[in-house]
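Here's the structure we're looking at; comments come further down.
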């Protein structure tokens, strides 16, 4: 970033006005105001079919913390948390591998991680549906393996196995978590890679040199120093996973609805906009808390010397 | 070799086994050989320096001893044990990294204790040994500081203490002083040599700085393009360079091409088209009438006003004498360096100590001068 | 000397360990197998979509002759086009503003500019739904003006990304170049056009492709802002997917994937050029 922020706007008022008016006005008109309206709605109530009165009531928030909705909130957080955890476990070795790949391989591995990231979310979810459904590729392959081992048993003179029962892989919580991991894995790998790539390799070498094994080095040196990357990976994965709509909608069953699906229902079917608005703001507050937590952790790490620029000294 | 002096470092170590043996080690990166069939032995207690320009393979050699790079061919033995297949964390050597690699998230004490903790040393021993190591590098009282509260020099001491506390058989130092400013560097040179004497651990250092190498080392290997150009004590390296690369790389030198016309046990004469006849007071056993090079250090040449040079006591008339015109002068405080243009068109560098405050006024630009040197000064280089 | 067998893996060659390779291989398989299967089976001559029955392109034919789908694709491309143009202008201006000037409330503006990036899509989607309902946005305008609401929503979440990319490019700009131009007599505008704009160009191109892809991909926000006459491609595919898994959906998806891959390649090419010129974003 540029230093403390360049020249004062006063020195070139007209230039500043020309440049600033468009973006600021657009942001105000089509982002801040809609959010403000949404916020106002969350304090309103339905009067009649289409009429809504902003009465300043907290009834919508009271409803939002009823056990039914609190439970869905809790479940969303749990699902997003589990997704984030799995992404971290799966993604860390991948990020490590990319970091230490040869210059020839590195861009290809990075591209390999980034390409799905750019592919349409809906299409990726659909592709997963085709894999997981009762007649999908996963069950097809499992059935084939089952048949194979059954045949093997016959050859060995044993009883053949019972007929293959397709697994119910779709429309349940498993499918939702798998889908969220599938969609969000690149979100985790890329910041982890960025953090690991900045790490001074001689720190790892020093640890090995002093007798530590690879795993110990990973835990005592790499992980603490990559903490900013891990935290930002966690937040970048957790936030969209928490607000995910499409994945639980397409892959989940009746019991795997997440908060975004409930919000959608208030607007499209239940037609209870004030309540939907309140839920939306609850989700947004949760998001902001996560981001504030990240910012605060990052500041703290900066203070202890593990800024994002660790090891940047040559 | 031309002038082979007795190898002091090895003279009395016939019975002692080398601590590090490098046997025919080659390291290739793709087609490029960074280290090319190098063999060398390092004795216990030596302060051994690998000196060479950047990219010559010296760091690769050091990292192969540490175990971070694997030799493509050949073998490295530490204390008689083959290190092939031994990972760095199980080798009895420790390294001080060029960037120091002080762990930024641990305080000084935890940094120094890191290796001992991994070795499961009892807590009390850890405390004692850490304190001892911190005292050794003069960091007592700074144990609770975080690395970003330390200066560059202090960080380096942490790295040193962190390695020394492990009591390695060999301490490897990768360009230990390159990140320090000039004053600190000079002080650290002495301190490192002092420290090495105190702890008695073999030091192997990599550097591209000849001053650093000359002032610290007990023995130096000059590395060029993956090969060892010469291995000798600092003074032998300077006074008896084995080839043009070493002569030129270590210190400053005037080089002249010539023909060896006399080569007897007690004297040799080289006829240099650009310099005249150079008389040397010992034989060089070079190729008769063959092309050789003569190296003359700038400080070994005396300067006189033209025609006032006294006759040489140790050389025939007309030998070891040259005339020229002063074309350049650099006053460096302790010495003044003159660039003297000779009739042949070649320039001779001559340095002259400023013994008195007024010495600098003796000679000036465009003065005609005579140069003379002792017959023991020139070095004849066959390679 | 005997050639000794040695493990050819240096300590930090993590990528050369077979366990690491297996892990990366499995992850790549996990990421790509469903997509590859989807694309391959779009050429499968069977409605059941699971056993290979021979090669056919008839589903692409069907997609091409599916008027609703083609209209949706047309809508999507139109929206993406206008979104890109507007986002580019707004994002570029925002980047220059934040990079160049100090002004009161700058931190607040910066924060607000980052908000569209972090606010959950669903929240922004419903906010737009309410907003357009509240101001009584006309829904019966002729094409392409009927796409206005969706385009506005898309621009709002796209241009902060463009601003981010362009600003990181600007960070590497040497202000003395601009001063040199002015020193040589260039006006404010001429210095901008001749020195700053060429420097921003790779960032602008990368930002444009980012905006185009994001607009083309968006489902959730569009879902809340589209009316019955303004269906976009993802919204149409969504309703097909909800209905069933069919080879037509595979074919339509494959088309979009191919489009995305092309866009991504172009974007990466420009980003690489940015990095290779030594000053790209880290």
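Every chain is named by a letter (A, B and C) in the order it is written, and numbering of its residues begins at 1.
Throughout what follows, contacts are C-beta pairs under 8 Å (C-beta built on N, C-alpha and C of every residue); 3 or more make two chains touch, one makes a residue touch a chain.
If you're wondering where the values come from, they're calculated on a predicted model, not measured in any experiment.
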Chain at maximum distance from chain C, centres defined as averaged CA atoms: B
A-B against A-C, pair bridged by the larger set of C-beta contacts: A-C
Chain-centre distance (mean CA atoms) for chain A and chain B, in whole Å, is 56
Geometric centre distance via CA averages, chain C-chain A, whole Å: 17
At least two partner chains per residue is the criterion; list those residues in chain B. 67-68, 87-88
Which residues belonging to chain C are in contact with no fewer than two other chains? 11-12
Taking each residue of chain A in turn, which ones touch at least two of the other chains? 205, 208
Can you check the complex and tell me which residues of chain A touch chain B? 200, 202-203, 205-213, 216, 220-221, 224-225, 304-306, 310-311, 313-314
Could you please specify the touching residues of chain B with respect to chain C in the complex? 24, 67-70, 73-75, 84-85, 87-88
Could you pull out which chain A residues touch chain C in their complex? 1-2, 4-9, 12, 15-16, 19-20, 22-24, 26-27, 30-35, 37-38, 41, 90-91, 93-94, 96-97, 99-102, 105, 107, 109, 111-116, 118-124, 126-131, 133, 135-137, 140, 182, 185, 194, 201, 204-205, 208, 214, 239-240, 242-243, 245-246, 250, 260, 263-264, 267, 273, 276-277, 280-281, 283-284, 287, 291
Partner chain B, residues of chain C touching it in the complex: 1, 3-4, 6-12
Can you list the residues on chain C that touch chain A in the complex? 11-15, 20-21, 23-24, 27-28, 30-35, 37-38, 41, 48-50, 89-91, 93-94, 96-97, 99-103, 106, 109, 112-113, 115-116, 118-124, 126-131, 134, 152-153, 155-156, 159, 163, 167, 170-171, 188, 213, 216-217, 219-220, 224, 234, 237-238, 241-242, 245, 249-250, 253, 256-257, 260-261, 263-264, 268, 272, 282
